[in-house]
Amino acid sequence: MGKINKVNLMAKKRIEENEVFKSYFKNLTDRERAVFEGGITLGALFHQFVGTPVSLNSKETLEKAIEESMKNQPCVEDIEVKINGNFEDGKYLSLTGEMLDVRLKIKVNETTAILRLRYIEELDYPLMYVEEITS
Amino acid sequence: MGKINKVNLMAKKRIEENEVFKSYFKNLTDRERAVFEGGITLGALFHQFVGTPVSLNSKETLEKAIEESMKNQPCVEDIEVKINGNFEDGKYLSLTGEMLDVRLKIKVNETTAILRLRYIEELDYPLMYVEEITS
Amino acid sequence: MGKINKVNLMAKKRIEENEVFKSYFKNLTDRERAVFEGGITLGALFHQFVGTPVSLNSKETLEKAIEESMKNQPCVEDIEVKINGNFEDGKYLSLTGEMLDVRLKIKVNETTAILRLRYIEELDYPLMYVEEITS
Amino acid sequence: MGKINKVNLMAKKRIEENEVFKSYFKNLTDRERAVFEGGITLGALFHQFVGTPVSLNSKETLEKAIEESMKNQPCVEDIEVKINGNFEDGKYLSLTGEMLDVRLKIKVNETTAILRLRYIEELDYPLMYVEEITS
């Protein structure tokens, strides 16, 4: 029971649970808030990590670190990051947006949004969009 | 007239005018789309430029470059960036989120959103939020 | 044996073993080359990762990913990254240069350099310097 | 005369003029110090700005801001940044290392080093190297 309490306490300390923080979002519906926070996290992820040296050896560690760092962002419930690229043994690449395949789950009260960042060949562009949103 | 046509043509080439691009956003209202694109741009701005060396001498040039680069992002209508900091002569700082004061205008069809990134003392946190949204 | 050969082959493919690459560094002594490559990697590390959201939960994963990504850089023999910070449960910080404590080992032929990035209180500055160089 | 004094004073306040700062570099020759500081600045520049949205409209402002921000770094005497890219009207790109052409001048006492970051087609790699060093 002590453990459950502690976990609850920790959860409460996340900044998005703060009443002052919440007061800034009263003008948004839960859906709007979910896609706003999802947009922030996708933009943050792209512009924080693009340029990172990455190779076959370091790819998985980087995917994991991107996931774990982005879980700190407000309202992030889950995230999966996959780095695609034409890796050759011993060679490294500089991470680009085109190499990223991200699936991000945002939760605001009862609303859940699944957002994506992935390269769309038809557009030749790493697109950020909302794949699904349910409330 | 030739000039007007050329300007229109250029405007049409922006990626958000592309029909394939648009097809990914049919599940969002204009308001949702506006805050989604605004969130992306604020997250991008923060994580692209935090860490940049900045001094009294280089502050204005950096503010301008952040504004101009972010105007490239989809649906950005206008943006004002101000860098605050305790600058001393000859000393430089590493840009932090706390130093940024951003006012971003996003336009999606008839909907206009004003978004902010600014340090909120009460939260000790550089907050991204939607200041105003009208349709 | 097959495995040993494969490892050797991979090692040979690193870009710094390429003869064209090498030809650009004939004007430097091994010591100069070592501190040049060390400087690049410290500058890269700082400006790539500063701004990343980090908390008690994600700190170790990020330290590891910084190490593994920087091992891709030319002439990096080894690297240890420690993130210091006043982490509270449930709260996250944006990584700053002041939080980084890095020990980087560079090898160029028989020359080995140990470089550091760490916060120097007397300077109130995250300093990059060469701790030791031996040939 | 008052103005000259003031300028001198400002120059003296640069961190590389601080005696504590200097004490960390007694183990390096002026040439070693010059290439070390040059390496830091090239690594910093690449990893700070790669990923920035850039178009024909914003290219010059970004080049200027990269130059001005990097002039803050220790021992930087001058820097020229050119962004190359296949820009089309209305389209923007995400800045890559391959697009950067940088010429950096570092000065340590009587030693001057010219360093470059530029794409070398033969290596398919944005190479950082020392073009010239004189003392």
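Quick notes on this structure:
Going in written order, the chains are labelled A, B, C and D, and every chain counts its residues from 1.
In this text, contacts are C-beta pairs under 8 Å (C-beta built on N, C-alpha and C of every residue); 3 or more make two chains touch, one makes a residue touch a chain.
Bear in mind the structure is a predicted one, so any value in this text is a computation, not a measurement.
Put simply, the chain farthest from chain B by mean CA position is C. Note on interfaces A-C and A-D: more C-beta pairs are in contact across A-C. Rounded to a whole number, the gap between the C-alpha centres of chain A and chain D is 32 angstrom. Chain C and chain D have CA centres that are 19 Å apart.
If each chain is reduced to the centroid of its CA atoms, chain A and chain C end up 26 Å from each other. Shown for chain B are the residues that touch two or more other chains, namely 15, 44, 46-48, 51-52. Arrangement of the chains shown, judged by which pairs touch: all-to-all, with no pair of chains left without contact. Here chain B touches chain D in the complex through residues 9-15, 44, 48-49, 51-55, 57-58, 61-62, 64-66, 68-73, 88-92, going by the rule given at the top.
Those residues of chain D that touch chain C in the complex are listed here as 15, 18, 20-21, 24-25, 27-28, 31-33, 35-48, 120, 122-123, 125, 127-130, 132-133.
Against chain C, in their complex, chain B makes its touches with residues 46-47, 50-52, 94, 96-97.
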